[in-house]
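So that we are looking at the same thing, I have put the structure below in structure tokens.
Letters A, B, C and D name the chains as they come in the text, with residue numbers starting at 1 for each one.
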Amino acid sequence: MAGSIAAQPPVTTRTGGRARRWLPWLLLRTGGVLFVLWAVATITFFAIRLIPGDPAEAVLGGPGSQASEEALAQARREYGLDRPLILQYLGYLGRLLTGDLGRSYSLRAPVAEVIGENLGGTLLLALLSLAAAAVIALGLAAWSARGGKGASGVSSVLEIVGAAVPHFWLAISLILLFSTWLGWLPPVSVPGPAGLVLPVLTLAIPLAGFLGQVMRESILDAMASPFVLAARARGEGEGGVFWRHAARHAALPAIGLAGWAFGALISGAVVVESIFARPGLGRSLLAAVQLRDVPLVIGIVLVVALGYMLVTTLTDLADRLADPRLRRAGR
Amino acid sequence: MSAMLEVRDLRVSFGGTTVVSGVSFDLEAGECIGLVGESGSGKSVTARSLLGLAGEGAAVSASALRFDEHDLLSASPRLLRRLRGREIGYVSQAALLALDPLRPVGREIADTLRLHGPLGPRQRQDRAVELLAEVGVPEPELRAGQRADELSGGLRQRAVIASAIAARPRLLIADEPTTALDSTVQAGILRLLERLRAEGMGLILISHDLAVVSRLASRILVMRAGEVVESGPTDEVLGSPRHPYTRRLVAAVATDRPRWAPLTEARPMAGALAPSPSEALPPAAVPSEVVLEASGLVRRFGDRLAVDDVGFSVRRGSTLGVVGESGSGKTTVARLALAIDRPDAGTVRLLGEPWSEATERERRPRRARIGAIYQDALSSFDPRWTVGQTLADALSSGRTRRAGEEVAELLERVGLGPEFMARRPRGLSGGQQQRIAIARAIAPRPDVLICDEPVSSLDVSVQAQVLDLLDELQRAYGLSYLFIGHDLGVVRHMSDELLVMRGGRVVESGATERVFGDPRHPYTRELIAAAPRLNGG
Amino acid sequence: MNRLALPLLSAAAVALLLAGCSTAAPTNSEPVSGGTLVYASGDGEPTCLDPHVGGNYPQALVATQYLESLVSKNKDGEIIPWLATSWKEADDGLSWVFTLRDDVTFTDGTPLTWEAVAANIAHLQDPATASSTGYLALQKVTGVEKVDEHSAKVLLSAPDSALLDSLSQPWLAIESPTALKRSQEVNCESPVGTGPFEVTAWDRQQSITLERNKDYDSPPADAGHKGPAYLKKIVWRFLPDSASRYAALRAGTVDVIDNVQPDTIVAAEKDDTIDHLDAPRPGASNRIELNSGKAPFDDERVREAFIRSADVDDAVKSLFFGTAKRSYSALSSVEKLGYSDKSLFDYDQKAAATLLDEAGWTEKDAEGYRVKDGTRLELDFPVSTNQSIPAEQSLFEQIQATAKQAGFKVDLHPLDLSSWYGALAKNDYNLVSAPYTKVGPDVLRILYHSDGTIPAPSGYFANLAQLKDPKLDALLVQASETSDQDERAALYKQAQQIVLEGYYILPLYDQQNHFLYRADVKGIRALPTVSTPTFYDAWLDR
Amino acid sequence: MRRPRPLELIAAAVLLFLVLAALFPSLLAPGDPLAIHPAESFLAPSWAHPFGTDESGRGIYTRIVHGAGPSLVIGLSATAIGIGLALVLGLAAGLGPRWLDFGTTRFVEVLFAFPGLLLALLFIVIYGPGVVTSTIAVGLSTAPGYARIIRSQVLLVRRAPYLEAARVLGRGPAVRVFRTLLPNLAGSLFVLVTLGIGQSIVWASSLSYLGLGAVPPAAEWGAMLSAGRTYVASFWWMSFFPGLFIVLSAVSTTLIGRSLQNRVRSA
């Protein structure tokens, strides 16, 4: 979901402290991760129950099935839907701890297997889009840092426009342009690289718009800083100044944004995967919610939450390594 | 033979506004010339224009701007890039920020070698370590791998110099190389620059501190608003200054100026409150009441002991000076005195009653008895308020009609007109901001004022006005000051009694003149020796 | 990840290869064996490939390629032999004997015998299978007996004139009895039949792979050729977005697409590289049902007023560009026994106004909606975004606008499938449009017999008009039992007159079923049973 | 850095048009956005219909003008919900004691761990599609992002020297928070709001694309864009213009927000 985060300083928990106090930071972090995962599973478990419609029906091939009473009763027994909600929840948590995500109602397959199959597609899409967004944002920043007044004005507008484009409008326009009129790229995903270009661009452009705006400020600060003046005074050319000094400083806020970017990519993936018919978690999530497939929804949400926590932990770590001042300042 | 560097009526303007005009000087190899002037005098732009780095949109012109056989005016960007670092070294103004915080210090030095030397990466790294050793950095091997924030101010400055001289340039421009450094460290850096000059490097030394320049430069140019108002051999310019501005500059230097001696001719305090000249004598040394005292103060941050068993007492109407280098615990003492921070041990008493032990609720009504002013006055103002609102809030007279009158009176007392009420602090000069901070501090008629490095970042002439203002207010209201500073000259001029602090402990204390007269502790002696004197001492 | 890649890569490689040379190759007249056809479906991916389970149209589309039924139908609607060579109804109509071909084996090697018929009917009637379409069609079947190795007697509780129609549908196709013994999960992933292709792989959300059945030789009587199919392989993909599905066809990434939007049909006709197959589905026409079970449509005059106030002709013309013909009948034009009466559905706002006045809806509120003793003339219209294509949803919007002129406030509620069925189960609707595909006029019994108002355990019921007319019930039961064709036709005619003249439904058009395919794909035809395309005769002219 | 003058003017002009359209739609587009003219469906952009007509012959320009109101309302109210909730969370985390900060941050992380769209999806599937539910859904899914920013701003302002100076002057905690801390927070909040409005409109349109947003025949940009997407190959204008206005409104609100921020910062 393209949350609206422009200049967002990297937020780290209050437990800073010197290098050798990594342990408490690590313990607290894992505690936090476990808590969040538990909370996410619980909220989804009960939220899905609020959705109108009988879960047993979801087991028997989705809504509108004219399944007989016996079939519904048997399904309820098989999936334990006849037991009181609390027992179902505790049972579910118990199995969760052993890593068993249960069976998907609609796909009649273990949730872990379904996720395993689709995880690759979404992860590939997310990582490529993140990389493409970084390249675009850095490219724009380099151009605006060295291109003078005009360049920086134009590039900042491009960033704002990029960040304002809804995913699906961008996707439709890209298909119209590159596939229908120019015919260079396939409009839907075919295995192999050609099928990836448009989906990645669709996710990368809005993200690049946000990254660009966030990086722009720290790049401009860096370019006007005394250590850049010192570098120039050493005889460093403009290119060297940008890539050796400013670009690295731009990475800091970008790292801080990674947690949010991950969420935006997953939300974007739902739309992009359905337009380009790419298999992936996003599309299965949308289908699972519509088919009221409880175990699959919770399974996917848990995987996404785990991914998110992993990313924020890594960014927290990267923050501390990249910028020792943070570690020392105990932020 | 012609000079190494020849500058004839240099002019620099930014989009119509002239910043530097008519600057001319020559420089020989092994000679040091000093550029002196206050902030905004154009001395830094002059130096940077030699490197073609005057700044975005700068129009540089001169009848001659020659370095050896190169005409710097018509030099191509490629030629300029080759000159920078290889022929002309530059130590930038805010030296403490001249190192990229995210890169190892060794790498920044090696960069100069990469740009101008044939050495491969491995040799460059070794050479960088050698250079660090050459500029006097202990454990160069370790330091080269560390980042800027892991080094002290002095070490960082030495690393910057190492980077500037890595390719053996024949001219070194040092722009404010010692600002914000403690005097002992400052002395070390000046000795290093002196050695480089002696080895044949041409040196342009730029500073607002006359004492610093007078130690190294054989000739001095005094600049004001972009023009050279006076130039000539150092002794002549400082000994018998011809231009009134130079005279004022020399007079403003507080070092060696006795207590209560006004540093500025103009009377900053007009109006009824100005004491007649006869009262200018120091108040009788009657044993007056102790307004603020502390005993056995201890404060620990993690495993670092910031304040260790510090005790002091401030008498009414007098000033206790606290001097020491950065990291000596002076600011922590100030925060403990203000009860912004709680001591781990020891007590502070205000006007005879417990102060640090009291709860914040108990302290609040007595907060009016003790005020504070800081080095960075601007950051202590609420950015959304005008000067008038800030002072009205301090007077806590709120919206009443009399507020306007009281604020105007307060402004007048610190030498500012009523027209300042509508202004925003952000738009004022450093001196004016500090005056407003003082006005706010004295509004509730306090007995004690904690002054934490109030004038450290001000130009000499502005510094003088603020110090005189503090003297007058002390005399007019019998205020007592806890005056903290790292500039020995300023602290000596302002304080009746003195505390010398090092590593969180009080190494020496007593009457100011006694401590300066015969310093007992070796560290005090070292401090006094290191303080730069005007007459080249 | 690699399990996913292998089948895909091979399919893609071939697809790209074919796409590459699609335009340049010479056109030959004789069918060419080999090649892979890529079919792109716009429907949701079925949850099970065995059409016995559940039983919706997306399952029928893919099952037609690998499962065969006992009988089929020809263009004129007559029942023709398929796996059954002949069949005879007992005099009392309480049993049928089917004689099967003796030379057919399932792709898992099991020979086709009478046991297959017994096993499949038992599988359909077993509650664990959770079959709905198949289960409803065999309501009267009580059991199957062996006559000899290759002929079976099907026993009925009452005569069923629609039995043959039902058995011709893919939802009652014959699967290998050995395969049916496996768990439902396995059978869902790889059903075993006797068809020209067999299911070899199913990567959910990605594609189903069907490969040629080498020893196939049991086509229906009206098939184009004998022996195995020409195509070596079919890749069945799911592209939910209609715009990108059509773009994929034009780019040659896929060869056949379904759920085609009207505007793309018109555009395709101008494009000589793409051909169009129009195969309207049998069973009921697409129509809007008026819920006569509750106010305000319990009053016939209000029902007629609503129908008179709906300008359907203009809407169909502007939205469907002539790709759909307006229908005035309850049944699809494919059904021979369909009866239509145009005069009942003329757009006439004045008539609507007078009818509403007669019915007491005389006052009008500020926004022009009719009010009668305090309550406003408001109608809830839940719309299923899965089943109604965008053009049809726009049609409902236009009807909403014209109905407003007459004083009806129509509230459209676009819902996803679960919420839509939920709204119907709670009788939270005055208007609804629900397609129903079934071979034969017997669909009328399911849709309009009063038994159809009794909800199944899940809350589902078929008689959405909630029509309870004993006279109509009798006609429908009698028609379903007589095997005399003329008598059956007369009975169904009277039944349809009652439904139409009672203004219970507003017919729109045949249930649209359009396919677009690349011009160099030859030999595609739609089975006259449920109008699903079969690729048995198809070959690639590349 | 000063934004070039002309750009601000353009953004201001666009915003003015949108507000005018929202308040007095019939002024700019007299036609009835809901009236259907089947004979004039699918007309290309022309003088009569500057943005062409849709599948039911309704002028797209008219519907965009009449759609401005609902779209802006969604943008504003979703932002209000998002920032309102975030303010509570941010202040609790920033000002409260350490355990409160820890608890609130964990809660925000839980909200963050839900992909924004899933939160919206769950909410809408439970309470049914429509303008109100999609507005609340967008508000909920943007709240965590704002909460994190507000928390860091509060921590920043809380450590500012001028707050300590207020304490030295003897101001109590309540006075310090309400007279000094909150007003200074308002500055940065303003930027968030302007950014938020644009993003909420974009978000609401994505929900409409998935069929979860405004109910037809409402002239809401997201629904129009979604309706147009099936006809994109033959009638490009049905999707292009609603999409264009979604982007324009998001861009102009961000630009105006940014230039006001610069003006405040350099005033």
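Definition applied: contacts are C-beta pairs under 8 Å (C-beta built on N, C-alpha and C of every residue); 3 or more make two chains touch, one makes a residue touch a chain.
This one's a predicted model, so the numbers in the text were calculated from it and none came from an experiment.
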Core chain by centroid distance, with centroids computed from Cα atoms only: A
Interface with more contacting C-beta pairs, comparing A-D to B-D: A-D
Chain A and chain D: spacing of chain centres that average the CA atoms, whole Å: 21
Inter-chain centre distance, chain B versus chain D - centres from mean C-alpha coordinates, in Å: 48
Averaged-CA centre spacing for the pair chain C and chain A, given as whole angstrom: 40
Geometric centre distance via CA averages, chain C-chain B, whole Å: 88
For chain C, residues that touch 2 or more chains besides their own: 241, 243, 247, 416, 419
Chain B, residues touching no fewer than two other chains: none
In chain D, residues with contacts to at least two other chains: 125, 229, 232-233
Interface residues, chain D side, partner chain B - complex: 160-162, 164-170, 172, 179-180, 183-184, 187, 267
Chain A to chain C touching residues, read off their complex: 51-54, 57-58, 60-72, 74-75, 106-109, 114, 117-118, 120-121, 172, 175, 179-180, 183, 186-188, 190-192, 274-277, 279-280, 283-284, 287, 290-292
Touching residues on chain B, where the partner in the complex is chain D: 338, 340, 364-365, 367-368, 370-372, 374, 376, 379-384, 393-394, 396, 424, 440, 444
Residues of chain A touching chain D in the complex: 1-6, 8-9, 11, 13-14, 32, 35-37, 39-40, 43-44, 47-48, 50-52, 152-153, 156-157, 160-161, 163-169, 172-173, 175-176, 180, 220, 259-260, 263-264, 266-267, 270-271, 285-286, 289-290, 301, 304-305, 308-309, 312
Complex contact set, residues of chain C against chain A: 1, 3-5, 8-9, 11-12, 15-16, 40, 44-45, 47-48, 53-54, 127-130, 132, 135-136, 184-185, 188, 203-206, 237-241, 243-245, 247-248, 250-251, 253-254, 416-422, 456-458, 460
